[in-house]
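Look for subunit A in each of the two complexes below; its partner is subunit B in the first and subunit C in the second.
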Partner chain A sequence: MEREIISTKQGTFMMVIFVIGSSIVLGSSVEAKQDIWIAIVVALFMSLPMLFVYSKLLTSFPGKNLYYILEEVFGKVAGKIISLLYVWYSFHLGALVLRNFSEFVQVISLPETPQTIIIIFLGLVCLWAAKAGIEIIGRWTAFIFPVGWFVLLITIPLSMSKMHLINIKPVLHNDLKPVLSSAFSFFTFPFAETVIFTTVFNTLRNKKKTFKVYLSGTVVGGAIILLLSVRNILVLGVHITTDLYFPSYMAVRTLSIGDFIQRTEITVATFYTIGVFIKASVCLYAASKGVAKILNIEKSSQIVAPIGFLMMNLACIVYSSTMEMFDWINTYKYYAIPFQIIIPVITLIIAKIKFYVKN
Partner chain B sequence: MKHVRRMLFSLILISNMLLCGCWNYHDIEKYSLVLGFAIDRNEQENSYLLTAEVLDFEMSGKEAKPTSKLIESKGNSVFDAIRNMLKLTEKRLYWGHADTVIFSQDIAKEGIIPVLDLIFRDAEMREEMHVVISKEKTAKELLEQQTMISTLRSTEIDRILNSQGSLAKAPVVEAYELINELEGEGISAALPAMGIATNAGKKTVELMGTALFKSDKLIGFIDSEETKYFLFVINKVNRGLLIQNESPENQMNKITLEIFKTKTKTKPEYYDGKVVMDIDIKTEVAIAEMETSMDYIKDVNRSKLKKDAEASLKSSVKNIIKKIQDNYDTDIFGFGMLVSANMPSLWDSIGPDWDHLFKKLDVNVNVDISIRNSALVSKSIRKESIRKEN
Partner chain C sequence: MMIIIPICSIIFLLFIIFDLAPRFIEKQWKVFWFYTVLISFSFVIHILVVLDFKLPSPAVPIKRLVSYIFGLQG
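Right, the complex of A and B next:
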């Protein structure tokens, strides 16, 4: 096994970008309407115990990743089968992320270009990054993040003059049910998707800080999503925000200060590209780690390329239209439950029981 | 040898990518920029007539001067009309820089949602486009008129709307705000209306107040002066003038106050089964022009002026609300929206009945004007003899 080490800072930044990654552009849940900010806060609190579970798993087996832990806990055969599920999950998620990006590009600017081309070009970069290893991805993230979040958040004060506070009222007048349902959507996408980092964060230099990395990454990412969602509602109003496929893009599009700061929506698209790149690379990395572990291959970087190409293929065929993609986002929250909640919790419980039996 | 082969292979791969051509390859020379467009409806043929103003250049001496050309095209839908323009021009039109769209009265009376959809849906057209209603028979007439200072008709219309910050005689509405108003409850849309006026013997385009909508249909117009008070209610006044008669008897001599800062707070109140809107207007003004020999700078007279100005602003605001309630019965002030935002449970019960309630809604208007300064001069211009009298 090759040894890779990432620092706490790199880990946190990677997590933040992973969390904001595709949520920044996709208007993921519209049920909560103007109470979307409550939904996001609730989702953050909902995800706290899960983050604890993920990091506890990692710290119980220091230096080992999820696939190793699964084999340790469930035995060789069962462990491999469950590992395969996680390989599928990260492989599929990576493909979905790539497809989201290509749909976005096609809808907003290149209607005639086949999505395959967009997927191939971004996919190749992801493949390269995943092949270079998590260390390289981490260092790249630490380099790009400080620029990225500034560009992303500067649009909020700039659009202040177009905000109307009335758009967010009345607070919590509609039932609590849509808010909770929205909160659950936000929980599964993107907060609990960080389960994928259980296959990555065994490389953290300071193992004791695993939970801290998990917590700060998700909270900072969540806070940015919160700010951007509230910005969208305040600027565009509830009706338009819920009508649009890509509300953030549109909210920034309306921004214009004097005649010189305008058409800044490209900043959103740029940050989205960065986010998708990181997210897809981490997913690809996680998937190839898993396959390597299942097939007992020494170097996981050897199989990154075939898996990456398969991922691009899946991305090309996974949806037939943009509408289908947005339908899937609603189904995704149920699909993700076993991967994000059930298996990690069971694994942790069994691991703890085994640990006590042994002593 | 291996090295060479690898080089060759990567060369083929790279040239494959570079030479295969692009799908969305946009050459700027092959595009013409659309500055603004007007949409008319042809009743007999049941089709749309689209008139686009396209940027063009004219060589005068060594410099290229921007001018514009009009392109007209018919189509069964708005998009069809846009594409049909290719029958007339060699260049494809680029709509991302269009900043004004003018709707004809016919379209506005039938409903503007069908034509708005494309502006909202299309990726190239921008949602912050200004929407204008033509007061003339057709919308394209406005684009045909001469410009005043700019050489581009649509750009000038756009600039006129942008400069309403210091005039406050037209609501400036961007397409996405309009859509929000059309989709929202308890608010109706109001758009700037423009028509043809004669200026120094030549016809040109002028702002002519506000077009009122009920749901998405045009139901009437109010003039520029009334528009100003309407803007006061919805807190959209930035700068502007308040003109005050010296006294009810003396309509000749006027005092002009320039607004520097104004803020309107509207709050719905619910007293024994009735909704009342409390409108608080706080305005800071300066004396900008005095056509009178009376010294309004002096303390006593100044407070009289303040009281008079407050009273007349109050009655003007009340009048416009009354007029809208009586004649048009459309909630362009967004009172219903305020109720639904601040008293959601009350709105649930009265919301469906709002049209009926709006007509009889009571309004309290409080005006507070503070006079900040009197520009450069501390007195009015007058004879010494009158000065002693005062």
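Right, the complex of A and C next:
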């Protein structure tokens, strides 16, 4: 196993950026309409038990990542098969993130540029980061995060003059069902996607703080998503927000203070680029780690490049249109259940039974 | 669109020279063959994508499977 160590701070920042990564621009679910803030809060509470499961898995097997844990719990053959499922999940998620970004760039600013070019160039940067290792990604995140979140959140007070409180009323007018459905969407995308970090957080310096990192990363990320979603609803209103593909970008676009603070939507685009870069890099790193474990390859960095190129291929062919991409979000919340809930819970239960029997 | 083909070729070539060749020199055969197969496959796919071939997306069968398992409509 390669020796890499990341600090608690780097781990937390990485998780915050991972959580807000693509959801900052895409949004997750529009079913809850003006009650989106309730849906996000419910989703955060829903994700707490899963965060506990993920961190418990890691602390039960100190220094080992999910792929090692699966082999230890399920045995060599079954462990490798389940590991393969997680390799696919990380790989697929990374490709989806790259595609989300290329769609965003094409729709917003470069309609004539082929998406292949956008995917290749962002993919190459992610490939470089994943090849350099999680330590480098962690250090880079710790460097960029303090600037990034400030730039992102400063747009909220600046858009105060455009906000209309009436847009968020009436509360729970459309019954509880759409709110719960929306909450489940937010749970699977992005909060429980942090399951990917079970393949990474064996590198945390202080293993005892795994749950703290998981909790603080998800809560801070969730709070930022909450603030931005409420900002979008207050500025644009429910109908425009639900009709738009990229509401955050449009909400900030309306911002104009005097003659000098204008065109601030670039802040959203910049932070989105950072988020996508981190998320896709972590996914690629996780997929490479898994393949290396399955094939008994000592250094996962040696196989990052071909997996990265395949990820770019998948990103190019995964959707045929922007509409299909947004339609996929409805399927994704069910598709992710085995990876985010079923397998981790079963693994933890079997691991605990094995410990109990052994002692 | 055709300009992408030389760009892709150069990128792949650089990776072959600087990332794959050392595996051959160091006689890491498992990594070398894994790398060679995957990079050749992705190069072919890239070219097909650039030439506007309609390649099947895994999203469609996944969507069908998920709809079948969870009884979703549409």
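Everything that follows uses one rule, which is that the second predicted complex is superposed on the first by the 359 of 359 C-alpha atoms of A that agree within 3 Å, B and C clash if a C-alpha of one lies under 4 Å from a C-alpha of the other, contacts with A are read in each partner's own complex, and residues count from 1 in each chain.
Keep this in mind: contacts are C-beta pairs under 8 Å (C-beta built on N, C-alpha and C of every residue); 3 or more make two chains touch, one makes a residue touch a chain.
Predicted model only: the values in this text are computed from it and were never measured.
**Q** Would you mind checking whether subunit B and subunit C clash or fit side by side on subunit A after the superposition?
**A** Fit - subunit B and subunit C, as placed by superposing on subunit A, sit side by side.
**Q** Just subunit B (first), just subunit C (second), both, or neither: which does A:239 touch?
**A** The first partner, subunit B, only.
**Q** Which angle, as a multiple of 10 degrees, do subunit B and subunit C span at the CA centre of subunit A?
**A** 110
**Q** Scan A:295 for contacts with subunit B and subunit C and give back first, second, both or neither.
**A** It touches subunit C, and subunit B stays clear.
**Q** Quick one: classify A:312 as touching subunit B (first), subunit C (second), both or neither.
**A** Touch status of A:312: second partner only.
**Q** I'd like to know which partner A:253 touches here: subunit B for first, subunit C for second, both or neither.
**A** first
**Q** Using the superposition on chain A described above, determine whether A:211 touches subunit B (first), subunit C (second), both, or neither.
**A** neither
**Q** For A:173, is the partner it touches subunit B (first), subunit C (second), both, or none of the two (neither)?
**A** Once the two structures are laid over each other on A, A:173 reaches subunit B alone.
**Q** Which holds for A:110: it touches subunit B only (first), subunit C only (second), both, or neither?
**A** first
**Q** When the two structures are laid over each other on chain A, which of subunit B and subunit C touches more residues of subunit A?
**A** C
**Q** Just checking: does A:326 make contact with subunit B only, subunit C only, both, or neither of them? Give me first, second, both or neither.
**A** Touch status of A:326: no partner.
**Q** With both complexes overlaid on chain A, what's the closest CA-to-CA approach of subunit B to subunit C, in Å?
**A** Taking the overlay as described at the top, subunit B lies 5 Å from subunit C at its nearest C-alpha.
**Q** Can you pull the subunit A residues that subunit B and subunit C both touch?
**A** 114, 117
**Q** In their complex, what parts of subunit A are in touch with subunit C?
**A** My answer: residues 92, 114, 116-117, 120, 124, 295-297, 302-303, 305-307, 309-310, 312-314, 316-320, 324, 328, 330-331, 334-335.
**Q** Which stretch or stretches of subunit A touch subunit B in the complex?
**A** Result: residues 107-114, 117, 166, 169-170, 173, 236-237, 239-240, 243, 250, 253-254, 256 of subunit A touch subunit B.
**Q** Using the touch definition up top, name the residues of subunit B that touch subunit A in the complex.
**A** 22-24, 123, 126-128, 174, 176-177, 179-180, 183-184, 337-338, 340-342, 344-345
**Q** Which residues of subunit C touch subunit A once you look at their complex with the stated criterion?
**A** 1, 4, 7-8, 11-12, 15, 19-20, 23, 28, 30-31, 34-35, 38-39, 41-43, 45-46, 49-50, 55-59, 62-63, 66-67, 69-70, 72
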